[in-house]
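Structures are listed in the sections that come next.
In the two complexes below, chain A is the common chain; its partner is chain B in one and chain C in the other.
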Partner chain A sequence: MKVTSVLVFLLLGLLASAQQMEVRVDGAVSFDGATFAVTEAGEDFAFGVESESSLWISIDTNDYWDKKVNPNRKWWVEVVREDLTWNDDVRLEIVRTGDGYGQKNNHKVYDGTTYQYIGENSWYFFRGRGIIYDIPIQLRLSGLSVTQGAQDFETNVILTIYDD
Partner chain B sequence: MIVFVALGFAVSAQAQWNSGNINVRFSVPEIAIVDIEPELGYIEFSVNAPYIAGGEPVVEHVSSESVWINYTSAIRRNGNRRSINAQISEGTIPDGISFYVEASFASAFGSINQGSPVGRVQITSQPHPIITGIGSCFTGDGVGKGHELKYFLEISDFSQMKSIEDQVFTVLYTITDN
Partner chain C sequence: MTFVLLDSNFSNMKHKGAFLVIIMLFLLTRLCLGIDKNTEHKASVVIPDVALLSLQFDGNSNIEFIGTSSSVAGSKIEMGGEATADIWLNYSSVCHKNQKRKVTATVVGEVPEGVIIKVKADNSVGTGKGELGKTNGTVVLSNNPSDVISGIGSCYTGSGAHNGHLLSYQLEIDEEMFYQASENKFASVHVVYTLTDDN
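This part shows the complex of A and B:
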């Protein structure tokens, strides 16, 4: 009996260790090139530039047992910027514009519905429960000016999911 | 011992995580545009007979509107600064007459890195810089923004002057890399 209990506990421990939630990003961010044009001589760029809505986040797990045994797992997502070529005067912000969908009705998602700055330190973005697909997100640029000159910008936005 | 290992697995499960990546990449292009405000079209001078016999003809600046030049410029880091050149692109200046333009210092509106005026410059069919040292900047759009342009028409050689009908010529402004 004692050995059986230990084995069951070990099995549960192994199952728990296999519950690897993952955040998956689909689509690509696109800032319309025409937005960086100036139509009237003497003007600067418009204040803010939104990306086209073609980015989705899915919260999923590849583990079969996790989907069956623990579909209500709680999690939260943090966001951080890792620059390759950037200008500190340029602000990049992110927002969640929808809830996505789940296979069951037990999924929930909270927060992240107002634009928030993506900095070089990881910061809370939104949280939820269960497996959710295609949560739409959007990015916004601001602080761009012709005074920064013609240049290329590149950064990686890292979304990290944590067990809650 | 086995129990201890199982607990280890269970505890480590609380810290599991995974990341997704969004690559954000875009380019701000080089920009160079220039404009004259207001879009009035004409600056008018008249050359009249002298008031007294034996005197010099009188040059009168008929139009009194203030004319301003606006521009936006974005250059690459370490790229050449730009100039605005002026030239006669259509028509000709009558013989014996010289035509000049002078740009003021940039107005307080607008950004850093605006250009510096060269001073009074004679305008011919060849381009002459009137503002130099333009970096990545904007002047603001409209009258009172950028540099005010003042025009001067002078009799340079009275012996070549002839009585003519209205003479029209066009001044073209171009922003260029130095």
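This part shows the complex of A and C:
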């Protein structure tokens, strides 16, 4: 009975500690009047507005064993939009603009280098292996028009990492 | 005694088995179990209020009205008429829902006594979109703002000549006032257009 209890306890611990790999986003993106201005009276906003390159994704683990035993762990990242208040005419797109850096040379990143639409259904963004820090990403807005009127809207861009 | 030894071996084997199971599970969880951690980032968009207005024209925007002296004694001085100088009013407007804007025109300078300047903005043409303003027809200009276009929502007229509202001016004479107070002099005035909130 004692042994079984210990086993169950360890198992639970292992299951919990298996969920160690995580994706982290640093930086901030806000599209405001400074980003999209009307350049001349009578004109509309520019077609598409890109964010500054101020967002970085890190793929990390706080598990010592993961770093030591399984440094080449493969993963992929999906992206989805969860609207708080949004205008359906406005398209939000995401792109990966760099590879980031890792502690070892075995890290790799693939895909995600062309702009892709962030919809309300989760969609594959990019994949890779190993622990990587500061992968730069950019967001782009399009479909904005002065005819939509003055308003504020926001959405959550959710990035999920999956074990490959 | 023998029984005890057997029990000890059995117990050791049992622990060894448990150990093996733990190690296997450990490796399994490390290598096979899925990870699906996520993170979120808020993207916010703020579309600000915009009110931009310009006059566009081919050539210059000056309009001249020159009085013609009568050749027959006793007949009236002809001064007046209509002039269109191909001046186009362009604007971009971003405002809040239910908010409206208007374009006013104000004369800066001294209009000679008895002379009435009027302006008319046609309805918008060209590449514009949105809730474009409507003309108020022909309005008399003075040193106080006169509403020329009203009902402007969030819209843009398109930029450049042949987009937006075409302006045309008229000059009329109030004969009674004109003959009482007018002098033989050159008068130049400016007409200033303003895109403003319609309160």
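As a convention for this text, the second predicted complex is superposed on the first by the 144 of 164 C-alpha atoms of A that agree within 3 Å, B and C clash if a C-alpha of one lies under 4 Å from a C-alpha of the other, contacts with A are read in each partner's own complex, and residues count from 1 in each chain.
Here is the rule we use: contacts are C-beta pairs under 8 Å (C-beta built on N, C-alpha and C of every residue); 3 or more make two chains touch, one makes a residue touch a chain.
On a predicted model such as this, the values are computed, not experimentally measured, just so you know.
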Three-chain arrangement built on chain A, chain B and chain C clash or fit: clash
Chain B versus chain C as contact partner of A:Val157, first or second or both or neither: both
Partner chain(s) touched by A:Asp88 [first = chain B, second = chain C, both, neither]: neither
Set of chain A residues, in rising order, touched by both chain B and chain C: 6, 10, 14, 17, 19-25, 29, 31, 33, 36-38, 40-44, 55, 92, 139, 141, 144-163
Residues of chain A that touch chain B when the two form their complex: 6, 9-10, 12-14, 16-17, 19-25, 28-29, 31, 33, 36-38, 40-44, 55, 57, 92, 139, 141, 144-163
For the chain C and chain A complex, residues of the former touching the latter: 14-15, 18, 21-22, 25-26, 29-31, 33-50, 52-54, 56, 90-97, 128-131, 153-160, 163-164
Complex contact set, residues of chain A against chain C: 3, 6-7, 10-11, 14-15, 17-25, 27, 29-33, 36-38, 40-44, 55, 65-66, 69-70, 75, 82, 84, 90, 92, 139, 141, 144-163
Touching residues on chain B, where the partner in the complex is chain A: 2-3, 5-10, 12-31, 33-35, 70-77, 79, 110-113, 135-142, 145-146
